[in-house]
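Next up: the structures, one after another.
Two complexes follow with chain A in common, the first pairing it with chain B and the second with chain C.
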Partner chain A sequence: MAFVNLKNKLIQVKIVYYGPGRGGKTTNLEYINRRFAQRIQSEMVTVKTHGDRTLFFDFLPFDIGLVNGFQIKIQLYTVPGQVKYDATRRLVLRGVDGIVFVADGMTLRRENNIESLRNLQENLASYKKNLRTLPWVLQYNKMDLKQQGIAMMPIETLEQDLNQEFRRPYYPASALEGTNVAATLKKIISLTVESIRKEFL
Partner chain B sequence: MAKPTKSDTLTSELENRLDELFQEDGPLAETASPRAGQQKPLAELKKTVLSIDWEITPEAVESFLAQIRLLKEAYQSDKAAMVLLQILGSLGQYIRTSRSKAHSSTFSLLNSVFARLEEITTHPGMPEVTKRKLLQAQMNAYQQLREKVSQRRAAGQVRPSAAQPAASAPLPLQPAATVVTAPMLAKAIAELKEFIRSEIENLQRQMKNDPSQ
Partner chain C sequence: MSYTLDQKQLDKIEDVLKTELIDNGVRCVFLIDMAGNIITNLDNGEKQHDIYSLAALAAGNFGAVSAMAKIIGENEFSLLFHKGKKENIHFNKISSEFLLITIFGNDISLGFLRMKVSESVEHLKGLLEPLSRDQL
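Up next, the complex of A and B:
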């Protein structure tokens, strides 16, 4: 749950990037950290990695500054995508305010995306939260691979698999090249802060 | 024309701010922020603090204590940072010996002391009076934790160690298998107390002599 201090006019928001392993969650945060480093004045922390795989989580905190008199602080997290780290994923979701579901656009990852979304719903349920009420957006990642002749799913298929029930905002993206990384981030921050405003202010 | 609502104002201000922060037209920053170089010494420590907060493993605690040792060398001329590093070091030793039995407030204090260290080291121009307030708050919190640990120990919830008097031990939980003896701990505590006291006196003297205050 967001940390909101009305006396000090401080809002702290936790956003988690969720999705299947090797889907590009960490790449999203790395791009944000690298591309906007001079403006967000922060540093990304990766807690425990093995090779190129996230075992625990990545963490990127930054301040948005004063907005309508409120100091807004954002904390971005990723979760390890590998199936066996379910307990870690569940823990990272504790107190989550908004979610970016990073789906892998490659055709061969179709089942992984569906399984990961199902896993997300299960883990949210353990905190009595669900995707119908929580602010979240989808990002269909790795769209750049199409140019390399790799089989990619059409957006319609991804939408049908993952978003038909929810009708949430979605972004075809390339986290590696930065396409729509910022747009995804801006949208989830807007939706989450708006949700917090409705609840607390 | 309708007057903008509170919601409209917040939303539009937020969107403007996000556009400013995340516009894509600037050059790609291949290197980290200008502050990154200054913060780098603390980057590894931050990782270990988060790791310990996540799960207390011997590797995480040893890495944390190793970082503290390195940082004490790096910040030996910064007295305020040294005091905070001393507190972090003591908390690290306590966590190393007590592991999951460490008092639950230990971890919030660990995070809090680290945050103050980060604040002080990344704002070299911070007024001494502000530094002193920050230090005092952390030392008070440390003292409160000591008292809580002593009370818990006195209440017999945790097996007491050797002959170390509870009242004089700041973080006295000592598993039987530890190689740190009670006299060693008492000596370290006495040294830490003396160090902190002298640092505060020093800071107070500096404040009195600083004409800008």
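Up next, the complex of A and C:
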């Protein structure tokens, strides 16, 4: 639910990184925080457990400059991926304008990805939103692990499991090394801003 | 879905926040929606806070406490108060979509603050009601 402030010509947009636990959502934001430091005016906020897992969310505000004379402030959030934190995931999704689904490319995590996408659809439905109308992209993460001999799913399998029905843009990535992290972010920002532009500007 | 507020609406809201709260000694006040967006924020010029992070955490915190309320059989806790040594934060729900947050020092009593917040909330409800009905 983007907020358009006509007085200050400012639009606030909420983008949420969703996906299974230990899939690399926080790592995406940490990379963005380092790589685009000049666009970020405040500290990244993280609410973590002692074991360094996301407990509530991570938050990173990100300025992208002017679109049609409006300053756009992107608010990036992650959700906790662990199954048991469903209530907090649903809270963070409130008012979401765009989503990055970070899937774990390891073969071992195939079911976790499918379950997390199903959970996303359920949680969106509680806000009367769905993946057919909302701007979203997929990121197939941890592709760097292939070099270490870890069993990874082929992109075709990930596509078949997660994206067959939706045909959304997808990016094989390594959040740790930064591969395609910026490309994923650019795509979701452009899709989300375009959808708000159509509605308003 | 998105929603807008124009200059006239925002001026009216800011006028309420300034006369009822800032002019009565509140350090900082901000009106946010439950998604964590900042509708408007005012301060007395003494201190600058990282308001975007505060808004994100405040919306999350309020959501978490509302979920706790439901678990114990309450419909909601409509206000929250956090006490610090020098600074205190007070949260007051305006409607299902909006939240008013005030930061104040120990020079204002909680009772006085609650009265002023409650008066402001009544004004703000009137100003935000058309929005809640039509756009949200």
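Criterion: the second predicted complex is superposed on the first by the 195 of 201 C-alpha atoms of A that agree within 3 Å, B and C clash if a C-alpha of one lies under 4 Å from a C-alpha of the other, contacts with A are read in each partner's own complex, and residues count from 1 in each chain.
As a working rule, a contact is a pair of C-beta atoms (placed from the backbone, for glycine too) under 8 Å apart; a residue touches a chain by one contact, two chains touch by 3 or more.
Predicted, not measured: the structure shown is a model, and the values here were computed from it.
With the two structures overlaid on chain A, would chain B and chain C clash, or do they fit side by side?
Result for chain B and chain C: clash.
Given the touch rule stated above, what does A:I189 touch, chain B (first), chain C (second), both, or neither?
First partner only.
If you stack the two complexes on chain A, which partner ends up touching A:V45: first (chain B), second (chain C), both, or neither?
Once the two structures are laid over each other on A, A:V45 reaches both partners.
Going by the contact rule set out at the top, does A:F59 touch chain B (first), chain C (second), both, or neither?
In the superposition, A:F59 touches chain B and chain C alike.
Contacts for A:V67 in the overlay, against chain B (first) and chain C (second): which applies, first, second, both or neither?
first
Mind working out whether A:P154 is in touch with chain B, chain C, both or neither, as first, second, both or neither?
neither
Mind working out whether A:R34 is in touch with chain B, chain C, both or neither, as first, second, both or neither?
Once the two structures are laid over each other on A, A:R34 reaches chain B alone.
After superposing on chain A, which stretch of chain B overlaps chain C: 9-17, 27-35, 135-143 or 153-161?
With chain A aligned, chain B clashes with chain C through residues 135-143.
Starting from the residues of chain A touching chain B, keep only those that also touch chain C in the other complex, and list them.
Looking at chain A, the two contact sets intersect at 42-43, 45, 47, 56-57, 59, 91.
Help me check something: in the complex, which residues belonging to chain C touch chain A?
My answer: residues 1-7, 10-11, 33-40, 50, 52-53, 56-57, 59-60, 63-64, 67, 136.
Show me the residue ranges of chain A that touch chain B in the complex, using the header's touch definition.
Interface residues on chain A, with respect to chain B: 32, 34-43, 45-48, 56-57, 59, 64-65, 67-68, 70, 72, 91, 178, 182, 185-186, 189-190, 193-194, 197, 201.
Please name which positions on chain A make contact with chain C in the complex.
Chain A residues touching chain C: 1-7, 11-12, 14, 42-43, 45, 47, 56-57, 59, 61, 73, 75, 77, 87-88, 91-92, 94-97, 196, 199-200.
In their complex, what parts of chain B are in touch with chain A?
6-7, 9-11, 13-15, 17-24, 26, 28-36, 39, 43, 46-47, 50-51, 54
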